[in-house]
Structures are given as C-alpha cells and as structure tokens.
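For reference, chains read A, B, C and D in written order, and residue numbers begin at 1 within each chain.
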C-alpha cells in the first residue's frame, strides 16, 4: 500500500526502509565459535507478561536473535484466573510451534520465583517446568539439576528485594553454587547493570548473564525508536544448536550486551572486540609520517577506545569512537614511516570487572 | 539511565525526545463540537489478538486517543483452550479498570462474527456481550438493538469474504438497515480503504467508520517508525462522554483518519479542515502585488491542496502542501494590492465520495 | 578522522553516510535521449555572487550536474573596484579549467542585464562575452546571435521589475522572438515558478527554462538540509556534449525541475515520467481480484498521482504518492483476475500548462 | 514558499525546522566571565579562500559566533591577478561593514606566511596589515607587536611543513616567545589536533588556540549535515568587546572546541564543564538506597564521563554520556540514603595535557 505518510520522509534524506533487518542485532563470529544472540529471560501472558508468545517470537526474529527462552514465573500468576494453565510448559510449547518457520531456537525454561534468598532464578534447558513448581526452593533447584538445567540468579541487584541495589552473596547462594545448583548470575537485567554481580560472577566462577526480562514490549521498554536495543547474551557456541549453546554457557563463554556496553570475562570479550574491528587499509600521507589507518567496525557496538600506544593521533586526542557498521579513519603519528606497527587501545565500552576495561591490540600493516 | 546509545543521536541534530506525546494524534476541535479520537475495533488475547488489554490501553494513551472499544470476536476464540473466559465481558472489564488512571473512555463492545452476509459487525455501547453470543445472526443484531447498541458492518471489502474487494450490499444488509439494526459501515479497516463502502454509507445513510482492527502491535502494523499512524475515527461530540460520543455516531458526525486521508461527509469534513488551517498573517512584498500568506496547520494531516482561486502562485504550481504542525508560506499573485481576498482550495487528501474531494475557502486579510 | 560527533548518529539509525553522491540529482534517460542535468544561470564574485568559481564547480559536482554556465552580469559589477576584470570571459575560463578533473561541461555564457523591457537575459554557447557588453540592448542580442548563442529571458516574473509578478510579453519581446534573437524563457528562477511564463513559452514557441540563479550558497538557498534541491533544467540530448545540449535546447527538449515539480511540454514530460516509473511485478492476492502492483520509481521526484483508471484501489483513495528511489505497492481492484490491464494516472507534480497536468498510462502485466 | 519536498519530512517525525539557530554553537558563561565563541583563522578570496567576506559573516552568524577575524595571507595571493588589492586591510574593512547588522565583532587580523621556522602565524588586533607585509619574518612580528597585536603560531603540526606532524619548538620560536612576540599556539587547526602543541602551550606559557582555518565552506569542511561543528576558540572575557577578548587571550583564558573535544588549561576547562552540567533533582527510589540523579547539560558538548566516586551505578558501568541540551538520569547506589553526596567524574572529552583529562565534582542534594 502506498503509505502517503512516510513517502517523502524515506527518500528525501535517503534513510533506508527501517525494516526488521535493520533492527537486527549484529556481532561477528569469533575464532572457533559462532556468536549467538540469546535472550533467556522473557515473560508472556502465561505469567505476568502482557503479550501472547507469538509477539515474543516476532520480536526475537526482528531483533535477529538465535535463541530465546520464555521463562514464566512458576508461582506468580496474576492472570491465573483468566488463564489457569495448570501445565507450566504451555508457554514453551506455543512458542516452539510458532518459531518453526524461523531460524530461532526456543529453549525450554522457567523462573523459580522466591523471596531473597535465594531470590528469583531461571532454569533453562529443562524438560518439565511443572516439576519445578514445588514449595521448597532448594528442592526446586535440585529438580532443575536433575533435568540437566542451567540455572542462573536473576537480578541480584533488584531493589524490590535488595534495597541497596548491591548484589550480595548469601550462605544459601554459596551452598547452591557449591552443590552445582547455580551456574550463572545476571549482571545485566532489563534496564540495570551491576558491577557487584560481575564481581560475584568472577569470584564464584559463574556464567555472566544479560537478559531483557521483558514483560511489556521490547520496542517501548528499550526505546528502539531512539536507537536502543534489548539487553541480550552473546553466547559463543560451536554450533547453532541447543546442545552447543548449553555447552557454551556451562563453559562461561558469554558476554552481556547492554546499552552499548559489552560485559564479560577478559578472555571472552577480547576476541569478540578483535573480531568486530578490522584494519582495512593504512597508508602514509605523502612523505609524511602520519599514517591514515582505516578501521572497519562490523558490529553494532559503538567502540569507545582510549589510546595506549606510544603514538599520538593527528586528528584526535587519546579517546576515539569507532562507529558501528562503518569505517573510521584514525591518523597516527608514527614519527617515521614504518611498514607495520601496533595500536594498543583500552575498550571503554567493555567491562571485565568493576571499573576495568579490556585492552586490545590492532596490528597495522602499511602499504608503502 | 544514561543510554549510551542515542546520546549523540538525539542532540546533535536537535531531534527532540520522541516521547509518547509526539506520537499522539492531534486534530483541533470544530465549531460546536469536540474532536474526539476513537478506535472502536480492537482485539486482545481474549479473542484472536496477541496482547493483554493493558497494552491496548497503553497504545491508546500513547496515540492520544479519547475512547476505545475492545471488540472481541464472540464466536471465534482461537486461544479458548488456554483462556476459556465464558464471560465475554471480561476483556472490557479489565481494560475499563486499567484505563482508570488515564483520560481514556473504554466503551463496551463486541464483534458479531459471521460469514457473509451479514459478515462481521461490531456492536458498541452494549451492556452484556454474552447475550449477543447466539446462533442466529439477526437475533444477535436484535439483542444489540435491545441494549441500545450502535452497530457497524466491519470490513465489507475484506477479500477473505469478498473476493472482489468491492463492498456490496445484500438483501440482508438492506433489511438490517431498514429495521435500524445496522448504523455504520467501515470505510477504513486496518490497512484498507473502500470507495464502495463510502458510497454505501452515503446512499444508505450509515455512519462512516474507520478503525484499526488491530490484532498485533499498533507500532508494527502501522509503521509508526516510518511516521505512520493507526486508522481511527474522529468523532465530533458535544462532550467527552460516552453518551455524547454515542449521540455523535448516530448523528453521522464522524471522519475516518487513514494514512493521511480524511474520509467523511462533506458537511463534516469541511469544518474539520477549516479548523485545521488558519491564515496567520498576510502582507504584500514591498510595492508588489504578490501577497505572502502564512497558513498555519495545527493538525497531523499533511494537506494536499489544489488551487481553484482566480490567482496563480509565485512559488508554486496549483498544488501545494500544507505541512502538519507548521506554518507554510504561500505567495499569491493578486494582480493588485487588496485588503482582503479568498483562496478556494480543493482538499485532495480528503474524500467525500469516490474520487471527489471537498473544497474549502480560506479568507485572507492583508496588513497593508 | 574519527569525528566523535556523528559517530552514533550515523550508525544507530542506520542512516548511510550522506555523501556527495546522495545529494546528486537523479533522473533516468528517456527513449532516444540522455537526460542531462543543467544549470544555466549562476553567479560568482565575478559579478554579484559571493563565491569564487571553484565553489560553483564543487556544488555542481555534488549535485550531479552534467553542465553549468556561469552567467555573470556584463554590466552590473558590484565587486568591480576590488575585482576589475576587464575581460568578461574570465569567470568562464577559471571554471572551465577547474572543471577538468570532473565529468562536468562548462558552457560559455553571460547575462545581459537591462531594465524591462527587455529585462535580463542569458546568452549561452557564446564565444566572447566582451562583445556583448554594449550599450544598445537589441545590438547585444544581435551580437549573441552572431556568436550562435541560445538566449533566454530571465525571471520575467521578477517583482523588482514587474510588480504584479505576472510575466508579460512586450512588443520588444515579440520583436526579439520574431527575429530569432530570443529562444527561451525562465519558467522557474531561484525560488519562483511562473504559470504565465509557461503560457508565453507555449504560445511563442520558446524553450522552457529552469535555473537556480544562485548568488550565495546552493546549500543554504535551497535548504539541502531539509531535503531541498536546486532548480535545474533537465535537457534531453543525443549525447553529453556541448553541441548536443545546444541542439536539444533549440529543439525545446527541456523540463524545469523545481521543488518536486516537473514543468515542461507534454510530449517531453510524459516520456520522462514514464521512464521514471516502472511496474516491477503484479500478482493477485490468492483467489481475489485485488492485484498487488509494485511500482518502482528510479528518480528523485516524489510522484503525486491521481487515478483515472476504471478501477478503485484497495488501500488508497484516488491520490497516491510514488516515493523517489523506492518501490511502492498499489492494490488495484480489477473486479476479475486479468492477465493485463492499464492504470491511467494524472501526474499532479508535473505541469504542462496553467493548472494542467499530464496523464500517463502504466501498463500492468500480471503473473497469474 | 511551500516547499513540496520536505513537507512530510519535517512534521511526521517532529524534527523542528533546522534553522540558523539550531546550528548555533552553545556554551554557558562561567563564573566571572562571558563565554565568547570566536574563530580567529579564516580566509576569503582576498587570499586563498573561495568566498567573498559576506559568506564568512553569514557562516559566523549561523554558527552563533561572537567574534571572527579574517586572516588573509599577506604574502600568498593566488587570486592576485584578478583581485590585486594592494591594501591588505580590504578584507577586514568589507567584513566589518557587512557585520554591522549583527551582534558579531570583526577583529582586524592577518596571516604572516613563512616557511618553517617560524612557519605561519596570525596577528590579530592589528591596526594596519600592510605594515606587516615585509620580507624579514622577525621584523613582521616586531611590527605586529608595535601594533599591540596578539600573535599565535598556526598549525605547528602541519605535515606540509613538518613531516612528522609533531609540533616542534625551534630556537627561533623560543626567541619570539622570550621577546614577547609570540603569544599563542594552535592546538587545533582545521581537522587536526596536536598533543605536542598543547605541551608547548603549557610549557612555554602560550595561549591555547583552536581555529577553523576555513578556506572553502564551513558546511562542507566540518560536515554540518552529519552534526559536525567548526573548530573554534571559547574565550572567557569580562565583556563582549574587542578589548575584553584581547585581555582574555593574553591572560590564557581560552578553550579550543574541536570535534566534541574541549582542550584547555585545567583551571579554565573545569569551571566551563561545571557550568555546562547541573544537577537538577535527586531522589531515592522508594525505600531503596538508589538515588536517581538528573543531570542537565546546557551545552553542545556530549560529555563522556568516567566515574571516580566511591559509588557504583545502577544502570551503567563507570562510563556515562551526558547528552548535549538534555537531562540525563544517573542512578547512584549510595549504600544508604543520604541528604547529600558528591560525584567525582573524569571528563574524557576534555584534554588538559597529553592523555590527561580534568576531573570535576558534581555536588548532589537529595530531596528526601
């Protein structure tokens, strides 16, 4: 239909049609692994969410996700009188069916919803949600374990349960971790990020999780109209299969992608950033010792880099921005013409622990 | 939260924060009446829609609507096994409660869903949806009538029921109209507009209806990201009350607002357009006979006008666009300086019958 | 240089880099001719303009022009005390030299600048501007004629010379035309368009001209930041050579492109519009008689079409917009499935005489 | 004139008309001083620039500048054969006259254009440019001194004169500084920034300069269409007068504003940043210890801040962006509710010496 309205808008400033594709989140694969985009914390009308599972599937497809899990609260059912569903697997079953036409994995999951401790936790890769719906919290975790689930602590920084907003490990959590009943922790949930949760992840060897915990609409909650994106987990898996994702998560190969921030273990984040950025071409300007270095960014991240190399820049201070899906030129004063040199950069929009950012090295070969 | 992402975007090209307000549909009141923005054809998970009623309320609030009606199919219940709700008033009750904090009227309604004839029809201003859920179609209309309902024929151009897409009146419809059981007809439904439905409305004295018939998300279906808007009914009512809206609808005081098109009876559309456009200032350029006329448009419509006045323009041919929420300058060659003159314009983005557009007269007073 | 500023802007809403190319004006060739984009009325510091000729060449290259002419006032030299240049060919010589690296023709021209009548006129394809710089107006025209020039009347609607803004033919003009000393007339100049000038062109068999008459900066004057474009002449020439352009202009094969308006003779405008619009694909929606017709627009014009075919549309009234550089879908109710049909459309954003628009026929073949 | 083209564009996504005003550079005054926006390195056709002085005045007015200086090369006159102007004050005189209708100061200046050393230098606040146009470089500086000029070294990093791009002090410069003949140094010129020039400024007590050195068009060179801005000097003066500006410059009260980077002495940059940012409101979220702090940025700078306070954030890592002309919310985990606290932040988009950024303290008072 010729939509009278955005006719001019589109073409005159040459904005391409902002279709599903352009909102798709994009990160490149890393050496040895596929980079899968996953959201393992999602609600629908089958617990306290506001949409039927079909919308969740559509949002995921539009966002370019590889895998999702609908993790309905087992115990909290505000729509229960209208939508009784004694079978807590129902939401999963519907989504699984609806996802068939797409290249989208739907992972079976559920949210064990308790007061703190232990607070809320998601169990994913489960076989029967109903069996987790039992009174004793620890027993629920044990049942998840029996089903081979990967279990992670949700929003440990949630101010409704933790007034300080500071994620704090309790004895119960220590026990759950010790007994291999808890494997991950949300460092990113919805609109929040927690340095303290990251510290717990590193200290207790838990998988770093980032999820949307979406209840309403992704478009509204994460301001897609303003260029926002839903928080997700990047999972570095051998394959795009449920098994490979599960293996990757138990192996801690994850990064949380939140509001242009990449949060992860240093050994996982570094190869990701290095895969995002490529030196395309470098040349000296005439007889000068100023090298024009073209850096291509093939990811959605807007990289904020701090120069730690011995060279200063000709057109920037020590902070540069490497724009997503573009080639940015950096002019490096190498003092003399060289056939190759290295740029060491601190990645400020990536976090590996509280206030600490990873560093990468960009090797530059010059066409003399 | 400082969203790293759209920081620059927003400010550097000075785009204001695109909040709920900016998406609100805006049309001015007309002499004697308030212009109310209404959508009387909406679905939720309580029939074949994809969202809980809370999303419908939020969409309406964001769109600046004055009144909505959730019109669930009485007979078609694809989510019925999960969401049995024997009480067909349930969707209305939930929305009514959720709308309380807002200045939004929720009108009780339902969709009588039959094969053609009579096809689908919405009954609004009803008191009990359950009583309409009966086998005999005509009896359902009679029950609606007993409840004092306003009933309109939905998407008479629906190709699933009418392969030609051409709205066609049947004997049954004639009878329903004759017996005062059918009062309106959708000239606009979802992404479609029907010239033939407009002809039927005019010929049979039915109210002109325009509705979204939304099942999924308004944002997606009507491409709000591209500047689109949901189709609605503008209703010209004495007051913002359910009673006043009902009175207006039975009195045919409606316009359908669809994809920048205003569809309505000439006597209703003309005062609307004339209320949207105001001549702010007019002056002659020095000693010349070229008058600079500033026309302010206080509505969302982008007016497409064809000049039928005896004067030609100095900077345009005979077609001009008067942009929404802006002041546009038209330069008129009046041959000699005059203290006042009139601009007669055909409004191409308004329709009063097939291929026919209303004309308005803009009186211009010049500051000499 | 990594420009910190528009880093985010660019990528997050996926706006492509708005380079010189995207501002280039684009219209397709027509059967038998190349469509050349020309601006034959331009000023620099060598008369009363504000820039050196290099900026004019750069503007032309950015705008994607094929040919320009710097037409300095021979007689009006406000910068003369600083920039005496007794040789009135100087501006041309500089531009010619500067244009060498580009695929841009620089046509030798000058503006004969007199009070009305005859008013201002441009002579292009001249050999020596100095010889035109003589007191007697008619003699100047005769000298232009001796040089083989194409001469056109500038801004006959200029209110500084004609208070009514109404282009009016005088005896002197009649004589100049009769003696073949005047060949064209500006229907478009700078920010103005003149219906009356178009009438004169048609009546007196003059070439239709549209020019920027730029004195300041194209970017500012024509609001390129708002999606504006400079007014130009489209010239339909056998080749991209000075000779071919000259032949085309004497043969009246021109269209003025002004503020999304195409102004030209019907036999010239129609093939242009028909070259801009192509039916890509047409199919029926299932068993319905509603044909989905994809119309591609490969030009910069936003076409405003009024349906004059016997079919109504399924998603539009009788007015549709075919967006530039996009494919627009029109849904046509053909009453029964047909293997081919025609859409007759009036092109409202094209003018062939006062208030008159050309009609085109789009033949549609359906994939059944 | 109703410009058909950007009609829809403007209104549908509610972009305000991007007029001269919105491109105006905006920074607030600081305690005790007005913040004046100045560009003291500009060329026109009177040396090797491409525009008449009127364009420079218009650009300055559009950019919201308070003062400019046209600094034509005294010795380098590529347009000399067309535009001989033996009086080197001519460009200044024309601009001065043209600036009269505006609130724009035109400072008398000239560029002394020599090979390195000493390279190029601008002398501003001069009385007669002709007297500077002499063979001996040092004598030219002495004459500038006699006229009371402020003299600064232009683009010491210019690779055409210095292949390394590394600004390097020579004996001649040392002498000029010692004898008070050289007072400032360009740390920013055109598209370049120099850490080494900043070091020289700090070490030798020179004023920090940032200039556009514009030869072509500001719009093109600094990509205003992409949100770019021309490089300028912010000068902190007691008044908007030539005298006050001169006093401020000799007193080193300047900041260079370049591609979102603020370069200046720490004692000058800090009050500027602190004047740009204001805590508007702070409240705790219910009983929690998470304070919602609203920070308003009333400047054009997009502040890139690194948290050095003892508190972590609830929605961000340690890096936040405070968008220009907006209010940004930062959520601070203060561990317990407090009536006041401080946020110490490193300003990454400001430079006070190589790789060093100033820190500011934002005092927060909470409404409990």
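Going forward, a contact is a pair of C-beta atoms (placed from the backbone, for glycine too) under 8 Å apart; a residue touches a chain by one contact, two chains touch by 3 or more.
Quantities reported herein were computed from a predicted structural model and do not represent experimental measurements.
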Select the chain at the greatest separation from chain B, using centres from the mean of Cα atoms.
D
Specify, for the interface formed by the sequence copies chain A and chain B, whether it is same or different in terms of residue numbers shared by both sides, with half as the dividing line.
same
Taking the mean of the CA coordinates per chain, how far is chain A from chain D in Å?
39
In whole angstrom, what separates the CA-based centres of chain A and chain C?
51
Of all the residues in chain A, which ones touch at least 2 other chains?
1, 4-10, 12-13, 17-18, 191-192, 227, 259, 261, 302, 314-316, 319, 331, 349
Help me check something: in the complex, which residues belonging to chain A touch chain B?
1, 3-6, 9-10, 17-18, 45, 49-52, 54-55, 58, 79, 82-83, 85, 90, 191-192, 216-217, 219-220, 223-229, 259-261, 302, 349
Can you check the complex and tell me which residues of chain D touch chain A?
5-9, 12-13, 157, 159, 163-166, 191-196, 259, 261, 263, 285-290, 304, 306-307, 312-319, 331, 333, 335-336, 348-349, 351, 354-355
